[in-house]
Amino acid sequence: MPLPLIEQADAAPEVRAVYDDIKATRNVPDVNNFWKAIANHPPTLARTWESLKEVMAPGALDPLVKEMIFVAVSVTNNCQYCIRSHEAAVRRLGMTDAQFGELMAVVGMANETNRLAVGYQVELDERLR
Amino acid sequence: MPLPLIEQADAAPEVRAVYDDIKATRNVPDVNNFWKAIANHPPTLARTWESLKEVMAPGALDPLVKEMIFVAVSVTNNCQYCIRSHEAAVRRLGMTDAQFGELMAVVGMANETNRLAVGYQVELDERLR
Amino acid sequence: MPLPLIEQADAAPEVRAVYDDIKATRNVPDVNNFWKAIANHPPTLARTWESLKEVMAPGALDPLVKEMIFVAVSVTNNCQYCIRSHEAAVRRLGMTDAQFGELMAVVGMANETNRLAVGYQVELDERLR
Amino acid sequence: MPLPLIEQADAAPEVRAVYDDIKATRNVPDVNNFWKAIANHPPTLARTWESLKEVMAPGALDPLVKEMIFVAVSVTNNCQYCIRSHEAAVRRLGMTDAQFGELMAVVGMANETNRLAVGYQVELDERLR
Amino acid sequence: MPLPLIEQADAAPEVRAVYDDIKATRNVPDVNNFWKAIANHPPTLARTWESLKEVMAPGALDPLVKEMIFVAVSVTNNCQYCIRSHEAAVRRLGMTDAQFGELMAVVGMANETNRLAVGYQVELDERLR
Amino acid sequence: MPLPLIEQADAAPEVRAVYDDIKATRNVPDVNNFWKAIANHPPTLARTWESLKEVMAPGALDPLVKEMIFVAVSVTNNCQYCIRSHEAAVRRLGMTDAQFGELMAVVGMANETNRLAVGYQVELDERLR
């Protein structure tokens, strides 16, 4: 019942142009199902790709750090597709098993202590206001 | 109505020992309200500090990256206390305004694309299974 | 290991009465698995159906808008069953692909900007207090 | 800018009837702001009170356990109003500081291990299917 | 400790251009604090405004419906700033108190039934796959 | 693509020691996949087990109540693995179908009323401050 994936061969020209840019930018032979799904709404495809390309590009933070932050959010939100696809990305960027282990440990502790701070209704320290 | 903060002067010896370790490890004159709140349940104080000390220590990931991941989770969970206290931590560790801007941009895009992946019920690509 | 689905034939009279009302109200030949699952606790079945029937009925908002709001929440909460069953409902009520695309776009942007507002700890404008 | 609280004196008869039932059931002199806020939509007031009265009544679980579960959910969702009002309820029902400490500890650990299970994408054990 | 709000008078030209476009598009004398906060990272300001302008524009869904969906997500995520600012927007677009009451009722029921579906681990109906 | 499960036979000595303690403490012949997954990062395995053993032990709250709280959080967070494994635990501890029904009903109502409180932006009562 989910919408059909739009394959390159069946895509309208403006969709195909986005696919081509994704493939060229990431140097991959085909785009992920994520893009083929949101291509059902071409303006969403174009806008999301433009935004993601800009946000995930090397800048003040390096791409590996950005992808780890992406994984941390996706785990907190429990988005299986996003975890799998961005975990693949961090692996390609060189994340080691030890780094993944520490990433998960921080995500776990942050989720735990977030609830302790909320549950104890901790008042902001003077110096944090 | 939240539980009272436990100040060092009023603290039981096992609480005081944790406070002393926090102050020594972080080289700060006093502990944050978070610790003074959870000190109402001394086993939670001791366990949480031992865990956080271990998880946030330098390792395969450096402390600045770990703190940024912590902020990313706290923003996704909307924990004001955690955002303020860990943002202070990343600032102390040298995070620039440009890095903060990119951190927030990634957190925002991850939260957006998480919902697009879920909303379109995107099927896992063969190669991600 | 989930509880068994309660089929009409095996249902206690008070469960059967609810099933009959669902089928009559929605003009469907059988009730969804959701109802057959919560029928394991008959008071939950009766209360949930009464509430949902009241809340989703035409009123100041029309049913299509209500179902779209339902989908928006379900996507944000990542409830696959709810997305699939309420997406089926919005389709029956006439939602077009273009409307679905815009619905998902708004859900995505709301999730993104929610985190930007939280992450930047934006203070309420005077006029919004 | 939030809607005004509806005080008993200004309330329509069907709202006043609900207020009276809340006060009688809970043996309190006035209803909480929560009820005065949702009274802006009388059907929501009536339905929510009927549901909550039924769900929180003594049954197979005792009211203290039910209120602790309510607090656990409210902390996980970060609803300050709900935490404060239901924490007051569990205190009235006799919850000790030690019980509150353990409640928060369980909520914290559940939130942590939920993310570890999701982050490691743990496959269901044969015997849990 | 949050970053300072960037007022128009102190803004760099590319920030001022975005402010001018927001004011012209929405026909308002000043931009909200949200924009003044994210203006600390000009690329985020420009990208977020371009995206939001496109997504919230009249299209297959009308602006009032889009704003209600936005509020539904913001309530589910518990973003106070977003609730207040978008509730102001839906009011300006003509939402009545009765419509607001029904909107909240749907958001509440969706959040409840999402958890019932998840908690009972309801299997997808054949016809929903 | 998830990390492989670490079986006892292939486990490093410090992992095996944790497995042995889990099996002895819980009186089970084998550990769940959860432990075999996080064993990919031995410090996370050891720390998580030590914490969970302490937190879930009988204390001011009995283990059945603790497990029900755990299930309530896991349902709210939509963690399928956690729901299934902790539901198995509450069943072993004697939870009846009626208790499960009431547990789910409370979780559902808490999630609903959390959003009503947030959506109506209910101000804290004087006596709850």
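Read from first to last, the chains carry the letters A, B, C, D, E and F; within each, the first residue is number 1.
Here is the rule we use: contacts are C-beta pairs under 8 Å (C-beta built on N, C-alpha and C of every residue); 3 or more make two chains touch, one makes a residue touch a chain.
The chain lineup, named per UniProt: A, B, C, D, E, F = Carboxymuconolactone decarboxylase family protein.
Predicted, not measured: the structure shown is a model, and the values here were computed from it.
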Common contacts of chain D and chain F? A, B, C, E
Using mean Cα positions as chain centres, tell me which chain lies farthest from chain D. A
Where the CA atoms of chain A average out and where those of chain E average out, how many Å apart are those spots? 21
Round to the nearest whole Å and give the separation of the Cα centres of chain B and chain D. 27
Can you list the residues of chain C that touch 2 or more other chains? 1, 3, 38, 40, 43-44, 47-48, 51, 55, 76-80, 84, 88, 98, 101-105, 107-109, 111-114, 116, 118, 120-121, 128-129
Using the definition of touching given at the top, classify the network of chains in this structure as line, ring, star, complete or other. complete
In the complex, the residues of chain B that touch chain D are 1, 3, 38, 40-41, 43-44, 47-48, 77-79
Contact residues on chain F for chain D in the complex? 1-3, 5, 32-34, 37-38, 40, 44, 48, 51-52, 55-56, 59-61, 65-66, 68-70, 72-74, 76-77, 79-82, 84-85, 88, 96, 98-99, 101-103, 105-114, 116-118, 120-125, 127-129
Where on chain A is chain E touching in the complex? 1, 43, 47, 51, 54-55, 128-129
Chain C partner contacts - residues on chain B that touch it in the complex: 71, 75-76, 78, 80, 83-84, 103-104, 107-109, 111-116, 118-121
Residues of chain E that touch chain D when the two form their complex: 78, 84, 87-88, 97-98, 100-102, 104-105, 108
